[in-house]
Amino acid sequence: MLKTKLAGIKLKNPTVLCSGILGTSAAILKRVERNGAGALTLKSIGPQPREGHNNPTVIAYESGLLNAVGLSTPGYKNMEEEWKELQDIKIPVIASIYGGSIEEFVEIAEFVAEKKPSMIELNISCPNTKKHGQLFGFEPDVAGEVVSKVKAVSKVPIMPKLTPNTPKLKEVAKACEDAGADAIAAINTVGPGMIIDIETAKPILHFKTGGLSGPAIRPIAVRCVYDIYETVNIPILGMGGITNGKDAMEVLMAGANAVGIGSATYYRGIEAFSLVSQELETLMKEQGYTNIKEITGTAHE
Amino acid sequence: MNEQDYPQGTKIIEIKQETPTVKTVVFQREFNFKPGQFVMVWVPGLDEVPMSLSSKNSITIKDVGETTHALHAMKPSDKIGLRGPYGNGFSLKEKNILAVGGGFGTAPLKPLFKNTNIKWIIGARNKEELLFTEEIDTLICTDDGSKGEKAFVTVLADRELATGKYDLVISCGPEIMLKNLFKVCEQHNINAEFSLERYMKCGFGICGHCAMDPTGWMVCKDGPVANSKILRELKEFGEYTRDKKGEVTSL
Amino acid sequence: MLKTKLAGIKLKNPTVLCSGILGTSAAILKRVERNGAGALTLKSIGPQPREGHNNPTVIAYESGLLNAVGLSTPGYKNMEEEWKELQDIKIPVIASIYGGSIEEFVEIAEFVAEKKPSMIELNISCPNTKKHGQLFGFEPDVAGEVVSKVKAVSKVPIMPKLTPNTPKLKEVAKACEDAGADAIAAINTVGPGMIIDIETAKPILHFKTGGLSGPAIRPIAVRCVYDIYETVNIPILGMGGITNGKDAMEVLMAGANAVGIGSATYYRGIEAFSLVSQELETLMKEQGYTNIKEITGTAHE
Amino acid sequence: MNEQDYPQGTKIIEIKQETPTVKTVVFQREFNFKPGQFVMVWVPGLDEVPMSLSSKNSITIKDVGETTHALHAMKPSDKIGLRGPYGNGFSLKEKNILAVGGGFGTAPLKPLFKNTNIKWIIGARNKEELLFTEEIDTLICTDDGSKGEKAFVTVLADRELATGKYDLVISCGPEIMLKNLFKVCEQHNINAEFSLERYMKCGFGICGHCAMDPTGWMVCKDGPVANSKILRELKEFGEYTRDKKGEVTSL
């Protein structure tokens, strides 16, 4: 009863590992698969090898997490061993990519599409680097251009991942759909935010600011998915603060076809995937739903 | 998941020079911890690195690079940030224990100095680098023979284990040493609990950076202490590691 | 040691009641005064009598509050009795106002300035009505125009209140300063967000969406205050999720001269004002600070 | 601050017509509550209004406007949202209690029906509007004399209090009735605990909408039950209230 589809891709359950969480190696991804995920997203892959920021890069505050990992990546050309290992994975694997220019997005997408991931997620929304990412997701025309140019070189479905930090979210979503996006992922982290250590009077994250994730942002994720669902007809991978089955159902009702699980692994361990699935199934039975499709978008009625 | 998983500034109250390259930094904050657990140590404005607790309120640091150098340069009443404790610690289920400390790897074992079930072997490159050997009754070896036996710790361990008196070997030290020591343990069919190191970002099991092949065992959360069953599975143990970018590099 | 100043106005301590919290009548404001607040902000006053949205208008989720009160107001002309009662209050009283057009802002400001509040706060950032507010705070030029026009008719200091929900926060702050603002208040609520009841599949707030406040948003408030402090030279009233003395110190370090206390009254009752002051004083003593000025902006060093 | 302060949908399991204008709605969710406490009742898509709990899983509603009308139109298995319980409830510190219910104001008193220290007076406009009088041993009065004594509850209360047997009067009902009843209590020098009503938004003490003059006593959080000391201070009690906009209107 948990089966769902995202841009034609079949998922045995709607829980999808979010990009950047545990997605650094094939080994850990396989462990997430064993723990019941419906699909996996790799950590965002970039053009050149990149160390990312110094630590602290990820911290938790009382309501969620803050991160500024800074898109550390071995670079898309240095992952042959990893791609080979990923072949063993039975569930859909989504490759997340980022670039510092539209050309880089195209270059990486073309290369990565050859590796035959189930889908390519375009991270046009990362707030954690000064040059890369975020800007592409702020403006509808830029987002649309990235999508259409990538679409032209990719045989696999394309899913832009949107930022909640623009007042133009609906316009950006529409532009992505019009440009040929096969699905939309939302949301990337909120803010950014900053935490200052009062003993040393210093911002804690090395990059000073970082994106918020986890329980704190769930209402924002729900609103974004709700708004995007009202605007486009392509499927939505909803994420942001989903920690249990109830949260998952809420985001489905807002309009998602599948749900991303990220920070929940901090609160509940890698078991989060099977736990959320089980809890969702129990709730569905209690309320008489027989499949995910019946839940998607019901809050709009 | 700790109550508070961001570094909080704490005052350094004492700094002890232990060897020419190792200092112990004692701080105000005290941790309720299990030997083998570590903290993330933040040097504001610079970086944050994992360090095993050498007591409830100290870490013992070898100067190997920029951050450890900055820590060595600190003075009492300077502030560092700490979060943790993280990881599993030594389980110490067995009662007859041989503890093997190599170089600054003796630091995480220090909280066990009072445990009377443990027989100690401490080794280092040379006499100067021997850590904590004044503080306990221990077998000693150095690579250059400047103090104790001129041998690797594995040689002493092999000899001890041959007595049949032990049912557990715990250790921390350079991974090549651990790899060889593990062979010795396997030959004697004795269980091992070794503290491992991998590059860490979050320290609490969500970034995946410290996960080891092929099982995805996470050093920060499932470890840092691995037992024999786990060590047998970890094909990268003693072979390679991943750097800050996530790229594989051989040890 | 807790004394501070905001645009020339003296506060006995840096805790300021946020607009919209308990600010509906003189009676409750006096009670907040008795509970130790350093200054009081009235609930935002609008042009015409307005009922606001139906309930639910304020709800709490696990990390904070969501509200869409919808700027209910008796209208600025219907508050003579209240203004009279407010005369008894010994601490500074800040009047918050909103309008549906720049002309309305000016009209209300002119009227309200005659009542001699210590300061007028311009709510150019409320996300909870479709026509009013938010738009003014999104764009630097519009924000600047509101400030300069209001400034021209007001004898009392002017403090625009900014929204964190624009990527142009710094530009908006700069425009406000250039237009003559005497101080800046930040932040208004984040998002907006939405919570859906999974039993009925309905958004809970009557307005469907509402702004986030409380602990969840503190890192965003800290970042905004930090960014504004880097951009302008006028004083900052920092707010957003401040619940205890430690939070207050963090926001001061980010660059605030005084701190708003809003949702904290949900978590700690009206006692929040004296509690935060006491805790802040204890922390200051521990760390050797002798006045608030020494703390403001230290995170920038 | 409850663990969960947003309305959660619950199924209606039974609806009872109590009087021509009053219905009791019984729902699935059960509250751990103190008599006198209330819940915020959400009719999805319409509004949310405060209602006293008339038992651990019911509210008793008089049809007075749009929302209460919608509640009256509901059927078993329909869903409403509930949050709470909120407020203080009756303290019942004294032992010899006179309870006075006026109209649907008897609803919040119902959870006390089993309390044997209480003597009851229930009044209503007419026979049809008498609430719960079948369920307990009570003095009855109606404005039109269609059942019980033809008198206001204040008359009966005055007579009872004259016996000197009571040390507490608890009540809920129209504010004008409460005002008059309070005068009677004061004449007899007997403490009162009355449940009040004001327009509510948050229900948990942060919007300030329900605060009363001149003390800022909040009906949702400090009340809804006010004792004599508080009632004496509240100059707006029985005089005026604030509407949804916050504007003052006389009662």
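The chains carry the letters A, B, C and D, assigned in the order they are written, with residues numbered from 1 in each.
To be clear about the criterion, contacts are C-beta pairs under 8 Å (C-beta built on N, C-alpha and C of every residue); 3 or more make two chains touch, one makes a residue touch a chain.
This is a predicted model, so every value here is computed, not measured.
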Worksheet item: Both chain A and chain D are touched by which chains?
Response: C
Item to complete: Would you kindly count the fewest steps from chain B to chain D, each step being a jump to a chain that touches the current one?
Response: 3
Worksheet item: Measuring centre to centre with C-alpha atoms, which chain is farthest from chain A?
Response: D
Worksheet item: How big is the gap, in whole Å, between where the Cα atoms of chain C centre and where those of chain D centre?
Response: 36
Response to the item:
Taking each chain's mean CA coordinate, chain B and chain C are separated, in whole Å, by 50
Practice prompt. Could you please state the distance in Å, as a whole number, between where the Cα atoms of chain A are centred and where those of chain C are centred?
Written response: 33
Response to the item:
Touching two or more other chains in chain C are residues 61-62, 66, 195, 198-199, 202
Worksheet item: What topology does the chain contact graph adopt: line, ring, star, complete, or other?
Response: line
Worksheet, complete the sentence: Chains touch one another in the pairs A-B, A-C, C-D
Worksheet item: Which positions of chain A touch chain B when the two form their complex?
Response: 20-32, 43, 49-52, 54-61, 65-66, 69, 72-75, 78, 81, 195, 197-200, 202, 204, 206, 262-263, 265-267, 269-270
Worksheet item: Which of the residues in chain D end up touching chain C in this complex?
Response: 1, 4-11, 40, 42, 44-49, 79, 81, 83, 200-202, 204-209, 211-216, 218, 242-248
Worksheet item: Considering the complex alone, what residue numbers of chain C touch chain A?
Response: 61-64, 66, 138, 165-167, 190-196, 198-199, 201-203, 208-209, 212, 215-220, 222-223, 226, 246, 249-250, 253-254, 283, 287, 298-299, 301
